[in-house]
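Two complexes are shown next, each including subunit A; its partner changes from subunit B in the first to subunit C in the second.
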Partner chain A sequence: MTALSNTWFAERLGDHGIHSQYLEDHHPAHMPCLEIRRLDWADAAEEAKRLEMRFVAVWAALAGRHDDAKTLYSYMAFAHPEHRHVLLRTPLQEDNPEVLTISEHYIAAYRMERHMQDMFGISIKDMPDTRPWIKHEHWKADAHPLLDDFDGHSPMQPDAGRAQVDYDYVSCESESVYEIPVGPVHAGIIEPGHFRFLAVGEKILNMEERLGYVHKGIEKSMQGRTASDGLMLAGHISGDTSVGHSWAFAQACEYAADVMTSKRCDYIRGILCERERIANHIGDIGAICNDAAFAFMHVQCSRLREDMARLHHDVFGHRLLMNTLTLGGVAHDVSEEACQKLIQQTRDIAVEVEHLRAIYADTASIQQRVIGAGIVGVDDAKDIGLLGYVGRASGHEADERIEEAYAPYDELDIAIPKGEQGGVSTRVWVRFEEIASSSRMIIQMLENLPKGSIQTDWVAPEAGVSGFAAIESWRGEIAAWVRFGTDGLIDRYFVRDPSVINWLGLELAVRTVPVPDFPLVNKSFNCSYSGHDV
Partner chain B sequence: MSSIFFQLLQAVLMVMFAPLVLGFVSTVKARLQNRRGAGIMQPWRDIQKLFNKEVVLADHASWIFRFAPYVVFTATVMAASVVPSLLLDTPLSLTADVIALVALLALGRFFLSLAGMDIGTAFGGMGASREMTFSALAEPAMLMSIFVLAIGAHSTNLTTMIAHTLHTPLLIQPSIAFALVAMLMIAIVETGRIPIDNPSTHLELTMIHEAMLLEYSGRHLALMEWASAVKLLLFATLIIDLFFPWGISGDASLVTIALALMIWIAKLMVLFVILAVMETSMAKLRMFEVPQYLGAAFVLAFLGLIIHYMLEVAV
Partner chain C sequence: MLRILQQISKIGSITEPLKSSEAFEVMGAELKDAIRKHFQGSLAIRLVDAGSCNGCELEIHAANNAYYDIERFGVHFTASPRFADMLLVTGPVSINMKTALEMTYDAMPSPKLVLAMGDCAANCGVFGKDNYAIAGSVADIIPVDAVVHGCPPTPTDLIQAILALLNAT
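Take a look at the complex of A and B:
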């Protein structure tokens, strides 16, 4: 690897008197990890904000092999459209782990900080919201699953006393305001999540999300797995983003181990990821229309999505493309015949989608529903750092395929749609545009598929080495950080699904609509519950 | 004697046909969406399945909640059995008053809304409040539309009204067209179809009618679902009776009744195919636009009334 070190942010921090030190055992060099002093933690975030960097994630980890054994570390990551990703970390005090909040600079950080608080018992100082987040009421107060002394193998006894305590929702004393609790059990078959509405008549004053009902303990479960076991688990974090999550995990590991994938492998990964994007966008467009009772689109889109799933099964062995990536490669090569089939189907689907798009655009009743509903303004989108199609519909185009330009996207023509209205119709428009753009990319990749091997030998890195990757999945950027322990086993894996950030956008968007329009707006965001509740 | 038999037959047919009608509409819709569909018997199978399931009641459900399905079903079936579908002059025809009909339906709706609120969930209350808001607007419009015809017939009795239509020579009456459009619009609201309500939705927050049924299960739910199917058929038959009664049998003989049955079914099929086409080609209205929609229906019916006085009475 000849990539130059990314010194831009370290220099900017230095200008402000914040001393930082590169970590030698972190890869890749163009996405460095800097260690700063604990006192500079919030200042560094403030400086990042001033430099208009995008907030990526904040998380914590126990000391790695190369670190001071008893210390907890707090990490955060930022991205800049020109200067790529930078990670910062700081050691916390051994006996009293606490760190200043950064959510006053980056609002999107507050749920992740609450997550750190729940999982490690780190106290975040000056936090605007100190309620537990992922840890629901029945959990024991002193249960901190990601600490070493927590036994992840035996079932945890619920705390009877705490189970009676109710979550402290935002409430309103006014008599004319009423609360509508929705979920986590819904009338249809959808993922569990709780929404608490404060409404006056049919007007929404506030909507608060409560998530964590599908908390699976993936972070804990990752610890002590081999990388290939971990890859399998990563592919199941969110069923609809199997390729995205697998790729993020695989790339973080490959960066850490300094394994270079072959060009053919990169192209096939690109094809998988773009196919996943198209399939999900088609399914969602249908589902959005179905929420407005326009079932025709739903049926047509389901049919197209099913065609894709069947071909995925034939060519890649799984309808939802699970387990299609390996460390250093991909599981299935694409034969010449399969290549032709994929090209043909991608073309056909792109044409059919354009046809459906014309029907969608010409049906006044559906247009009346989607136009002007669920608006997130450009400034809000930037403040939160909304990702993927949600961000792109509100003028915030963070796209890792361009910012990080990882292979194969460095060789492709990527057209990123830029919307500004930020409503349901804009999000649907962005999805239609992305289907068209991804189809072109898939065909470009298939027609220029490089020859060669699809698998590079995987050698686990030595203990203490970490890697970071940012992959543009269909929902948006997935940020993954992995650190290896002894024997090539995973010591800590942190992943941030784009939903973690986009869920915040939904809370804003629904304030502009009446109660019965919520499902439509929710579907246009389609954030993952499972991806959030790792 | 035989007219009593045919009266009974008519009522039984209404109740038994109702689930088939739902099945017919969803099959036609499925075909329009290029699907095969579950077949017209599916609603029957669903109702049968629900009758075999146990009833799960909330702990704090009062007698109203348990009572409501029976009231709703009985009221709807009573309303359905007085609407002439095959035979014009039946023993019950004296009771077949349109205002009584509206009242019977209102009774069912009243209990349905009470049951929705009784259980104390947010959705039940929400559904009840929406249902009441819309029906308060729909009822006057419906009556207004019926009055356009009733004024001509000098009666609000259905049998008399039908007989009047049958015996007047076929003239172009613009007022009837207004009343018909208004009535069709109201029927969609009353039966909870697209673009007002979506009977097949699973999204609690968008529901009107279904929101009140969310807590029901087993035979209670079966009765409620059945009642709403009967209501759909009832409205279709009412529209046929009021606007296209030709073909209904005047005397209680087997041959004419059989003919009337076939004509009735044919007319129903035409109506429901139109409904299915409309539902396929349309998305739901924003809920805040429903009052405007109902306002438009009222205005149309009222215009029909005025036109009747201005153009038709003078002639």
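Take a look at the complex of A and C:
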């Protein structure tokens, strides 16, 4: 990695008369943060779109230690396959925080903008959809949790007068269209969320998601925590992505503090993350098949997943690999004996999965259900910027292990599957391919595990310093931005789980799909509710 | 089809009657007896995720896998609260899930049992009670009969907790 600033985007903006200024207190230099004028905000997004940059996130933060007091800032991030990530920010007016929407250029921005509206009371001009998002109907109108004067430490009291107010769902007047409300409590062992179907006959005309039920105030709760306390919380943003979220948090902090992790630590983090990827893919493949009544696969896959959980417990002390990362290191070293066990099991599982895959491919009853179901086209996937296996099944292959090539992936042979059919079967195919590819990487890492310490000293940076990281978790890119305040405490943490973007893909995928196929399509996406709602 | 049968016979039965988990088998047998006695052999559980990170859900799924196979003791998960004997609740109760949890509890026939699963359900865990978005632990919202700690509790912990709760009633 080079310490030189990444000037590519700033130059492109300059070509269009958009002046930008580098923030000295933001790290790393190859993912810089540029300050632009407020009136250039939407134009900068338009320029990014023209340059075919991928939209990463849009968020807001109160001024940090180095900034002008009381001002709110709006941030956005983009990525380019060759020119990496770049952050832009602009100060908002003190008395009337207002900013133009960028969802005209990047549709995936609109829910994040609604989130900014809910959390900070920022008014987003010309938004196509102004309904509150995380802020459910029973919240008081003036409740904006991320503002300084909001009491974040006691349970928020609902507005009694709004208890019966319903969300303004998309509806249809036609007599032949009927509505199916589903959730928030779903029929199975699943997280809560609401789906509102408009159906004609057996087919879905429109499905609208209503999320936010498991909103746990994580962004507010991060404020004032020490980094190690924050890491613990980050590991619970989405329980199935504990390694991914911990890594994103830790790396953002480490970039901010300019702490270099050891090679051995990087490798062990890589092993943990790839094992997490395999375990989740195996579990999901089984669950997808189960939703199409192919119980055999489900039983076999959950057996393999359990085998992995047990070894994780033995080697890393936790079945779901929680609490396995530290700031500047990892919590558990891998002994020679553990190394052999991990190699052996990874090999065995890869072989077993290939065997199951052959059976899956040869079983007509399951193939009939998955082929052609829940399609997201290549153009739509690119427009939304779908991530992870969902993106890769629709020809959109953003992968931070290659784009950002953070350690240890800069030294590994990564094979990224790329499908274009965009249906359930393609997403399953991508997952099978990723299991094979991750297995190879795990074995490569274990066989070449560098010697040395697993822990580098962690020293928090001075107040006002920020860091950004993009980690390829099993669901796709997690974007994390952290800023430190006084005494090494966290001043602001923003994280975007890949689900925030991929949930939009699900709405598209289920159009014209028969209602009974919804669970199948939904499972093939398997977006996180907890990671989305934070 | 032949390959499916081959695979099934090759793997055989992996459901734990292993030496290492003898205690588990004894516990399972006791659980089965308790369910036969109190619930005519079938205990229906409705799960509500009231704000969990999804970690507890993964372990509930695991309790259904072939190793633990909680169904052989008569425990099954039901889609409707209307036929549920027990409500299993995970997560701290978020302010946005509080009403749904209360409605699910009210929709269950009495008498009903409530088991709060995981550190978050017990005391809001890592998310903390001093949090605007958390209405409280499960016991702050609905009556709770038993609590199983852990982050998340393992499948064995869960099965043990169900047994202990049935024995206590």
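Quick note on the criterion: the second predicted complex is superposed on the first by the 531 of 534 C-alpha atoms of A that agree within 3 Å, B and C clash if a C-alpha of one lies under 4 Å from a C-alpha of the other, contacts with A are read in each partner's own complex, and residues count from 1 in each chain.
The rule is simple: a contact is a pair of C-beta atoms (placed from the backbone, for glycine too) under 8 Å apart; a residue touches a chain by one contact, two chains touch by 3 or more.
Keep in mind that this is a model prediction, so the values were computed, not measured.
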item	value
Contacts of A:Ser242 with subunit B and subunit C, given as first, second, both or neither	second
First (subunit B), second (subunit C), both or neither touched by A:Ala509	neither
Partner chain in contact with A:Asp517 - subunit B first, subunit C second, else both or neither	first
Which of subunit B and subunit C A:Ala293 touches, first, second, both or neither	first
Subunit B versus subunit C as contact partner of A:Ala10, first or second or both or neither	neither
Subunit A: partner with more touched residues, subunit B or subunit C	C
Touched partner set for A:Arg369, first subunit B, second subunit C, both or neither	first
First, second, both or neither for A:Leu342, with subunit B first and subunit C second	neither
Which of subunit B and subunit C A:Glu179 touches, first, second, both or neither	first
Which superposed partner A:Gly188 touches (first subunit B, second subunit C, both, neither)	both
On subunit A, positions contacted by subunit B and by subunit C	187-189, 296, 299-300, 303, 363
Footprint of subunit A on subunit C - complex, ascending	3-4, 7-8, 11, 14, 47-62, 64-67, 77, 79-81, 91-92, 94-97, 99-100, 104, 125-136, 151-152, 154
Sites on subunit B touched by subunit A in the complex	29, 32-35, 122-123, 126, 194-195, 198, 200-207, 210, 214, 279-288
In the complex with subunit C, residue positions of subunit A that touch it	136, 138-139, 145, 150-156, 158, 184-185, 187-192, 212-218, 220-221, 232-233, 236-240, 242, 283, 296, 299-300, 302-303, 305-306, 309, 319-320, 322, 355-356, 358-359, 362-363, 528-530, 533
Subunit A - residues contacting subunit B, complex	178-182, 186-189, 202, 289, 291-296, 299-300, 303, 363, 365-366, 368-369, 514-519
